[in-house]
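Next come two complexes, and both contain chain A; in the first it sits with chain B, in the second with chain C.
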Partner chain A sequence: MSLLEIRDLHVSYPNRKGEFFAVDGVDLTIEQGEFVGLAGESGCGKTTLALSIPQLLPEHSRIAAGSISFNGVDTTALNEEGLRAIRWKEISVIFQGALNALNPVQTIGSQIQEPIRIHDESVSKKEAQDRTLELLEAVGIPSHRASDFPHQFSGGMRQRVMIAMALSCMPKLVIADEPITALDVMTQAQILDLLRSLCDKYKLSMLLISHDLSVLAQTCDRVAVMYAGKVAEQGPTSRVFGSVGAQHPYTQRLLRAYPNIRHERKFIDGIPGYPPDLSTLQVGCRFADRCDVALSRCATEVPDLIDIGGNQSVACHLVSENQVGVQ
Partner chain B sequence: MPFFLRRIATLSSSIFAIVTFNFFLFHIIPGDPIRLIARTQRLNTEAIAKLRTSFGLDGSLLSQYFRYLSKLLHGDLGYSFFYKENVSGIVGRALGNTFLLLTASTLIVVTCGIAIGVFAGSRQGKKSDTATVVSSLILWSMPTFWVGMLLVFTFGVWVGGLPISGISTANALYSNWFQYAMDIGQHLILPTVTLAIVDIAFFIIITRTALIEVMSEDYMLTARGKGLSRRTIVWRHGFRNAMLPVLTASALYISALVGGAIQVEVVFSWPGMGLLMYNAVLARDYSVLEASFLLTTVAVLVANFAADMLYRVLDPRVAVSK
Partner chain C sequence: MSEKFSLSIEDLHVSYQLSGSAGKNKIARAVDGVSLQLHPGETLALVGESGSGKTSIANAVMRLLEPTSGKILLDGVDLVPLQGSELRAMRRNFQMIFQDPFESLDPRQRVIETVMEPLEIHGIGENQEQRRDLALAALAQAGLRPAADIGDRFTHQLSGGQRQRVAIASAIILKPSLIIADEPVSMLDVSLRAGILRVMADLRDQLGVSYLFITHDLSLAWMFADRIAVIYLGRIVEEASAVDLIENPMHPYTKALVSVIPVPEAIEGASRTILSGEIPSPSSIPSGCRFHPRCPLFRELGEPEKCLNEDPLLQISAKSESHLVACFFSDPSKGDTQ
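The block that comes next holds the complex of A and B.
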């Protein structure tokens, strides 16, 4: 059994005309101990997908269809009490915009420590304190700073605090939503390395979200690329960034769009145009407007996610036609 | 703590400025108090000169000012011809009575106002929230003296049962201390309720708004993500952050309180600073008026100082820069 199995998930937000789907039929699987990367331009539904796993979406959102099976339990069917029991204990989140994710009037120590005893009453106060200090050391913050407040830390340090906090209950899955976006390039690399090494050390699974594919390429076992609420392509990192290469035109463009965070490239080749406005209904492939190699059917037919072998799948008419040609 | 000392220094200089302003205000405004007395009591020039001396109104303005300062430092606030008594004694009693009234009402206002505000704010958009907002707005728009008169009418004429005037029953003999306290307590009810009713609405609304603002902060989502209960999220993570803007608004409230207290004390004949000032204006009792202005302003300054200090305790971000 996989740790996480998302099937045909549809999540909607209300708009003037009723509702629109920010996540529109997404399948995603995360195995025990696996690192899965989720990429895509901003606004394509990454955060919505991620927050639906522990059901942390705002009240006005709606899970219209699909299931999220975590450790064999469908989180979409749990009540508030059931959800509270798995939040942080099983699934913790490093939130997007984590610089404001810490409570400004509480010490970082108390914030890291807080969930430990909430989820396990048998832990003594002293043990919880000790674990907090250990976690701080593990993320590279001297333990005497436990009594400091968030504003006394730099952005990178606050992100380290957030990581320590995410690990305080040793969850099975850590969701990191753009954990390095707001940081400078040097700090980005350090934080990524830290995340990777800690999750390896504690054998945790991770869903790492970034709009920058090069970040995921270096960190993850598998990547999924989202476009306008749908998965455009997904597969093992070794294939998508290696031997076989990215197949979806969007993934290919995305790969060229960002400088590598470790070796700054000279030319950045952005994708012209903008992601479609999800609130207006569209037929056909949602990337068709911006695609260099669009076929005539792309404008009218929605491409299915097709397995092209090696655990890689792509939702593109061009790719599936070539596949047919090969066979 | 040098910051604390710096703030104390600012407070002291503000108080000094107020003392000075107050002195010149009362010595420059038209209407000579001596002439006022002379008009009613037919005095000869000699007697008038004597009066001037006893009022500290002889000599140049500057020498009067320094004399005033030195007397003030000795706790001497002058003499009231209207009451035929030292002003410090009169004002001291009134201050105590007002303090009792304001403490009672502020306790109610702050605890109930904030609790109801948090209740409404954490249920934003629900029926209970809307009902709270609507009734708060209605309460808030009621003038204090009008509420007071309504209560006087209700409990004095219709229903009865509660004293509507003064601080204790006239000519009452008490067999023990407890009876006396109970009597004062009964007299305290209506003025307190009047003062609290309008101000509670103010606290409900600002607390609710502050909490709603805080609820949308990123760290509140973190708190939810941690698996905390709704109650813990609101009280442990939201409450203290929401109290910061409430505390700032309380500074305004402190000044507004003076106006409210005057109205309530006049309506209920509560022998406090408000009633004292009101009567002093009617009787042109300058020495009492001068002392009342001074003490009221200083009280507001000190209360603001306390609010500022509390803010620093609550918000580590503005805490003492070493």
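The block that comes next holds the complex of A and C.
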């Protein structure tokens, strides 16, 4: 059994016409100890998908269909009490833009300890203190700084505090939503390295969200690329960025939008246009109007996410036609 | 002066007097002796971590702050002693594009008014009609089409990418010889970046504009600039052609920065040098070589005295006259430069 199995998930937000689907039929699996990356342009539904796992979505949102099985339990069916039992202790979240969310008048030590004290009643005060100091060292902050306040830390150090906090109740899955976006290059490398080593050390599973595929390529075991509420492509990093290469035209365009110093020096390509307005009805592939290799059926038929072997799957008519041709 | 430079910064120093309990009476030497030259039509990228002094240099050139010392020559004229109308006359020739397209424009102004404003300030154009035409041409040149349509909108009715193009249109309308772009695309979504950079590159080709292109993104600098200068704690530590700097970095800091550039390849155990710690505060610059507390080479060499006591100058490397580096030991061809 996988640690997390999301099946055909639909999540909607209300709008003037009723509702629109920010997550529109997503399948995603995360194994025990696996480090999974999630990419896509702004507004593609990454945060919405991630927050649906521990049911931390805003109140006006709605899970309209699908299931989320975590450790064999469907989190969409849990009541408040059931959710309290899994948040922090089973699944924790490092929220997007949370660098400045630390309480300015509370020491970082007590902020890391708080979730332990609240969510894990079996832990004594002494044990909670010890664990806090151990966690600080684990994220690279000298434990004597536990009594310092957030303003005494740089952005990178505050992100380390957020990571320590996310680990405080020893969860099985950590969701990190754009944890390095506001940080400097060297600090980004430090934080990614830290996440990877913590994942290995504590046998954690991790869902790392970033708009930059290169970042995911170097950190994750597997990546999923979202476009307009759907998974366009997913697969092991060793395939998507290695032997086989990215197959979905959207993944390929995303890659060409960044300079690659390992390749020939040439101007980056943008992706003309914008992601579609999710509130309009979906006919065909949602990437079709920005896709320069679209077939005529792309405008009318929604492509399914098809397994192309090696645990890589792609939702693209062109790719599935070529697959059929090969077989 | 034998060579003609569009911009020549000579031994620039910018200091800030710090206030507050932690920094009472302390001085932050944010820019600590920087010299940079920019040829006409050339793009020089200034690359460094946040707090390294990039924006302070830009603001000093734009005369948004008084440098502590140093010269800033624009087309051969030192801007530092200029005041009032003399400075304003020079201002036509250099413009700035800021990082945040959401803050740098007045939301109550129509786009066309924003772009016409510099013309009015400098008294260019016979009448409103002519200024309007110039503004429309600049909007079109910045890739905002149909220009008349977009010109009529208020700036808050535009997307982030469109706003940055309006900022570009305002910057080019006076046909400056130099544009300073401080992180012009870092706030934009990936899909929009290429469009903005393309517009900037076209202006370079068509109008011969030189750019001081400020970024923390080394791979973007490599793609867009002719030359790259790497800044650490207020000092240029290495400077070379963009290609040479990425292919043959010499300074241990540059080497580390290049090694952590993310590339979309699943390479196992790629040799990345992740520096520990953070850039120190410019109010307490380390002795000797300011990079020594984080320097892998310093440690590898058994912590030589020289790095602790002497300040390495930016010098021509033995390898190439156009490759400059500020490190006692990172130029293998020179041996120990005692």
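The rule we apply is simple: the second predicted complex is superposed on the first by the 318 of 327 C-alpha atoms of A that agree within 3 Å, B and C clash if a C-alpha of one lies under 4 Å from a C-alpha of the other, contacts with A are read in each partner's own complex, and residues count from 1 in each chain.
Assume contacts are C-beta pairs under 8 Å (C-beta built on N, C-alpha and C of every residue); 3 or more make two chains touch, one makes a residue touch a chain.
On a predicted model such as this, the values are computed, not experimentally measured, just so you know.
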| item | value |
| --- | --- |
| Touched partner set for A:F241, first chain B, second chain C, both or neither | second |
| Touched partner set for A:W88, first chain B, second chain C, both or neither | first |
| Residue contacts on chain A - larger count, chain B or chain C | C |
| First (chain B), second (chain C), both or neither touched by A:L255 | second |
| First, second, both or neither for A:Q190, with chain B first and chain C second | second |
| First, second, both or neither for A:N103, with chain B first and chain C second | first |
| Touching partner for A:S154 - first (chain B), second (chain C), both, neither | second |
| Footprint overlap on chain A, where chain B in one structure and chain C in the other make contact | none |
| Touching residues on chain A, where the partner in the complex is chain B | 54, 56, 83-89, 92-93, 95, 97-98, 100-106, 114-115, 118-119, 149, 151, 165 |
| Residues of chain C touching chain A in the complex | 49-50, 189-195, 197-198, 201, 216-220, 222-223, 242-243, 246, 256-258, 260-267, 270, 272, 274-276, 278 |
| Chain B residues within the chain A interface of the complex | 217-219, 221-229, 232, 237, 240-241, 314-317 |
| Partner chain C, residues of chain A touching it in the complex | 41-42, 154, 156-157, 184-190, 193, 211-215, 217-218, 237-238, 240-242, 254-255, 257-262, 265-272, 274 |
